[in-house]
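Both complexes shown next keep subunit A, but they swap its partner, so subunit B is in the first and subunit C is in the second.
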Partner chain A sequence: MNKVNNPCLNYSTRLKTASVLVHKAIEAIKHKDIQKRNLIWLELTGCSGNIISLLNGANPDFKSLASQMVNFIYDNSLMAAEGEAAMEKLYSMTGRDYILAVEGAVSTKDNGLYNIIGRWKGHPVTAYEVIKEFGEQAAYVIAVGTCASDGGISAARPNPAGCIGIQDMLDRKVIKLPGCPCHPDWFMGTLAYVMLFGEPETDNRQRPLMFYSTLIHDICPRRPYFDQGIFASKLGEKTCMFKLGCRGPVTRVDCPIRKWNDRVNWPIGDNTPCIGCAMFGFPDQMEPFISYDTT
Partner chain B sequence: MIKTKKIVINPVTRISGFMEINADIDNNIVEDARTEGLLFRGFEKMLEGRSPLDAVYFTQRICGICSAAHSVASTMALEDALGIHISEQGRYLRDIIHGCEFLQNHIRHFYQYTAPDFIKFPEGNTLFETDHTDFRLPQNKNDSVVGHYFDSLEYSRSAHEMLAILGGKAPHNHGVFIGGITTQATLEKISRLRSLIVGIRRFVCEKMIPDAYTIAEYYHEYFSIGGGYGNLLTFGCFNGYERLGSLYVKPLEYSEGKINELYPGEITETVYSSWYTARPETYMPFETIPEPDIKKSGAYSWVKAPRYRGLAYEVGPLARMWLSGDYRNGISTMDRTLARVLEAKKIANIMLTLLDHLIPGVEVQKEYDIPHSAYGAGLIDTTRGALGHWVKIENQVISLYQIITPSVWNLSTRDRNNLPGPGEKAMIGTMIINPDSPVELGRIIRSFDPCVSCATHVYSKGNLIKTMQVVP
Partner chain C sequence: MNDREIFINMINDNLNEMNGTIDCLYITTSICAKNKLLNRLRRNMSNINLMLQGLRNGESMSSPPSIAERLFTMQDLSRYNGRDGNPAYIAVNGVVYDVTSNAAWGGATHFGLSAGTDVTSQFASCHAGQPILSKLKVVGKLVE
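For the complex of A and B:
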């Protein structure tokens, strides 16, 4: 299932990017070369699928992240505290050093009241307010997933909740890790990189080049079929998915190398087209996802 | 002593999505309680005008923890609309994917979401600091469950790895589609799936089920807390196979102490207490998609209220295990948790049976024509309970898409008869030992495994009207 005959030259090195960085960060913390940083993870207007994806991280896993790499201060899905006590942990970070990870878009309709993340001193706190309050002050802001990066499916037409990506709310650089969901390696690797070296090199859409510089189509294992004009006419076939609407030719991310869930598979490996979930404009600009008559 | 007090818990953490609990207590007893979802995206509106085939991948984005459930319900609705009969092998493959999600979800719900209510983590990690002190397990048992909290990550991850072997990736798989799935079972895949499921099953049997019973032993009063109505409902799942018959449960409901066949045509949804307008106010799923209306008078929440023959029903693992006859100990907070962990074992066994009946290399995909106009329903029990997708197609695009999720059943609001939703009902009447630290309410609500991401409701600050109606 995990084929090594991939057309990428640096295949084995690139597979290890995230784990090498994370292990290096953990070692540096042990040797007191760098300090553990505080991490706030905000789930905003989305499906909370990126924190679930983070739990799928394998090497190293969530336990290493939470126990050896960062002080995990806040996350709605995982923290033991609830109610006001949970919000106190978030607000205890005001004026302190922290890295902010955000999943989900920001709902702007009706003063942001379509997404309340908690109550602080009796008042409802909207996603809109919390991103303003904690986004500007963070040491780094990492947009995790397509909704936080560019609005994503939460902003799909007619955009009933008036969703926007977090960069549109902030007058500062946001590092974007689009993908629906974000691959755990992309987040873990980026987090380790900023702790070790500061901001990683990014492209013109603020995506770290170490994960987002490859066009899927260029290293797709089914590229030979494309070059020979052998196209699948329905899902389930083992040839090129281009005529079914594959967005590999426009999507920049390293899925063909990294694959998903302990590297066992990925959408094209599952005989389905890439739907461009890591792309600006997903989903509206990437549809139809599946079409039998694109010729 | 405090006589009356209002309790507000927001955020209710360790659930998927955003929720507030509002409770009025009098002499330490919960007199009234409300559950409110705090997130609105409007998927049903977004789906209008899109290609029907895209609904399968689109609707998965409703929820990050139960995305495969939406792919299954959406696919079934499309198959119904397109008049496609799924092959037996297609169903086995799709149901194995669905089973992977049950296991991922149940393991994470028990260890990452439920257990921190009852076990104390070592000091020094902000994520695990709590605001109450009601921890009762002896040190060695407590530490054992804490260890399993972290050990469990390997197994929930394995469940998603299994899902990806057949479905491409998880969350948000590509494999579930009309006709079953998009790939074929190979001998290599089947043997890898079997090896992973055996490992998961062993963890569930040797660690998760004993841990749940350990917690139950030290928190015994939770067998008499959080019962609610006792009305249970399932759309059925892992049933109706041509060759294998039923491996789990068929569509059934339980009310007034009797189990009855379920007639899905009797399901209605009402927006009586919700910030929506719909004509009629109580409607069948195919009839209408309500329009948001935050100025509606008399409404107090944006949570809709599905009903079966006019009654509110609890859905989820306990409902299924009760209706299938696998678990009949009782209906309470702790019974929900026990039914969930026991169901994980049952699902693992079902998946082993399905794996035994897979034929390698069978291709189930075809090219599908979209009819000019059609409609179809996909009703299936998923991790959290009964999930329904209803689709109408006009001019070859989606003209109406109705979704009623399990958490809408469990967190539903009051209807015209003033009946609270099952989650609200389960909290009402509970004794709160320490009103300044009302740990009971979170424990009751989490036993339902609420998913507010799925419930997609709206909340409005200026329009929250406190209802003080007397509950019948």
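For the complex of A and C:
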């Protein structure tokens, strides 16, 4: 297990990005410099892993987000209302100001018939139509996780439901936060930034640079092993897993700094290669996840 | 201007940018700005690392010119799949490159592609205009 605290300035400063932004946003709301924003969280074609990941956030945590930063209007996993009453909450936002967070891809085959998220006035509502309607009207759209960003696992071969990322559905900019799941910091930091300063600076794949600018390989604690040509030949060894098919050299995100589960550990810290879950093309183009007998 | 001069100029550009970034780091108090500047430094370091690799490859290529004359058929190439002691080679535009130690080819695979194949079309669709090939070691030519 890796140490939680790292004395490196690069690590310690970047680790604080999300908490600094969230605390700034909360302070600004308290001082009435900015207002709480309405937040709609749609769970489309996926596993709901991103909302679970969000609940696992720590400094900043979900409670700060839901109680002090936004009016959490709709999320089918978390809200008390159900059925038409829940959909009523969603449709009450029509024509009003809200930020839209979306997890999961959009199933497009047969007019989206394979993902119905609820019923409204007696009619089934598909993910396909809800993203069209609420995506175009939102103040900002944030794709949370790899499925919403680029199709991800939902769009993996043979993709029977015709899943696509939400950007392909919308004629507007979508801020993408890929990762399977998305780290709570990446979402909360981005949301706070949007509320404080507007759209964050993004790369050519629409990912915020504050979290997605650096290759895992460039900040990997096992990088010295790569540079010396010392490679693991099987799982469990403590050296560089390049020969096992590690995708750290093609994956841009700050996992080595932020880590997971309350910053306890991350895949490479636990002796398994990075599988590139935060990169476009995951999972098909990141396979095989493990290779043996590599020269 | 030859490849070597281009690489050296690019390294110098990166070093100049790093100097400016470090100056900014001294005066900034905002943690968000600091974070961005640190990111920029990392990017510069990554660039310099790539340029150095390119320079080293250029030196190793210029010493044994005969290696680059080696001819590969598609069948020959397929043996160099990076497995069981074979190095990992790929072909782009008729030139065969060694990617055995290239970080982006972990496990001798790269975005769903395997070593031992001709990846000309995939290279054109993803990396057109990027100075990538000049950093790879040339091992020969692909023949029909």
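Here is the rule we go by: the second predicted complex is superposed on the first by the 285 of 295 C-alpha atoms of A that agree within 3 Å, B and C clash if a C-alpha of one lies under 4 Å from a C-alpha of the other, contacts with A are read in each partner's own complex, and residues count from 1 in each chain.
The working rule: a contact is a pair of C-beta atoms (placed from the backbone, for glycine too) under 8 Å apart; a residue touches a chain by one contact, two chains touch by 3 or more.
What you see is a predicted model, and the numbers here were worked out from it, not measured in a lab.
When both complexes are superposed on subunit A, subunit B and subunit C end up sitting side by side without clashing.
Contacts of A:Ile51 after superposition on the shared chain: subunit B is touched, whereas subunit C is not.
Comparing subunit C and subunit B on the residues of subunit A they touch gives the larger count to B. Residue contacts after overlaying the shared chain place A:Lys32 against neither subunit B nor subunit C. Shared-chain residue A:Asp270: touches subunit B; no touch with subunit C. With both structures placed on the common chain, the touch criterion links A:Ser291 to subunit B and to subunit C. Judged by the touch definition given at the top, the superposed model places A:Val250 against subunit C, while subunit B stays out of reach.
In the overlay built on the shared chain, the residue A:Lys121 is in contact with neither subunit B nor subunit C.
After the chain A superposition, the centres of subunit B and subunit C are separated by 120° when viewed from the C-alpha centre of subunit A, nearest 10. Smallest inter-chain Cα distance, subunit B versus subunit C, after superposition on the shared chain: 12 Å. In the superposition on chain A, the residues of subunit A touched by subunit B in one structure and by subunit C in the other are 287-288, 290-291. Partner subunit A is touched in their complex by these residues of subunit C: 31-32, 34-36, 38-39, 41-43, 45-46, 49, 82-88, 100-101, 103-104, 106-112.
Against subunit A, the residues of subunit B that register as touching in their complex are 8-18, 20, 38-42, 45-46, 50-51, 53-54, 57-58, 61-65, 67, 108, 112-113, 116, 121, 125-131, 150, 153-154, 156-157, 160-161, 163-175, 177, 182-184, 188-189, 192, 292, 294, 363-368, 442, 453, 458-461.
Interface residues of subunit A facing subunit B in the complex, by the touch rule stated above, are 1, 43, 45-53, 55-56, 58, 61-63, 66-67, 71-83, 85-87, 89, 107, 110, 113-119, 122, 124, 152-154, 156-158, 160-161, 163, 180-181, 233-237, 260-262, 264-267, 269-272, 275, 277, 283, 287-292. Residues 9-10, 13-14, 16-17, 20-21, 193, 201, 209-210, 213-215, 217-219, 226, 229, 241-250, 273, 281, 284-288, 290-291, 293-295 of subunit A touch subunit C in their complex.
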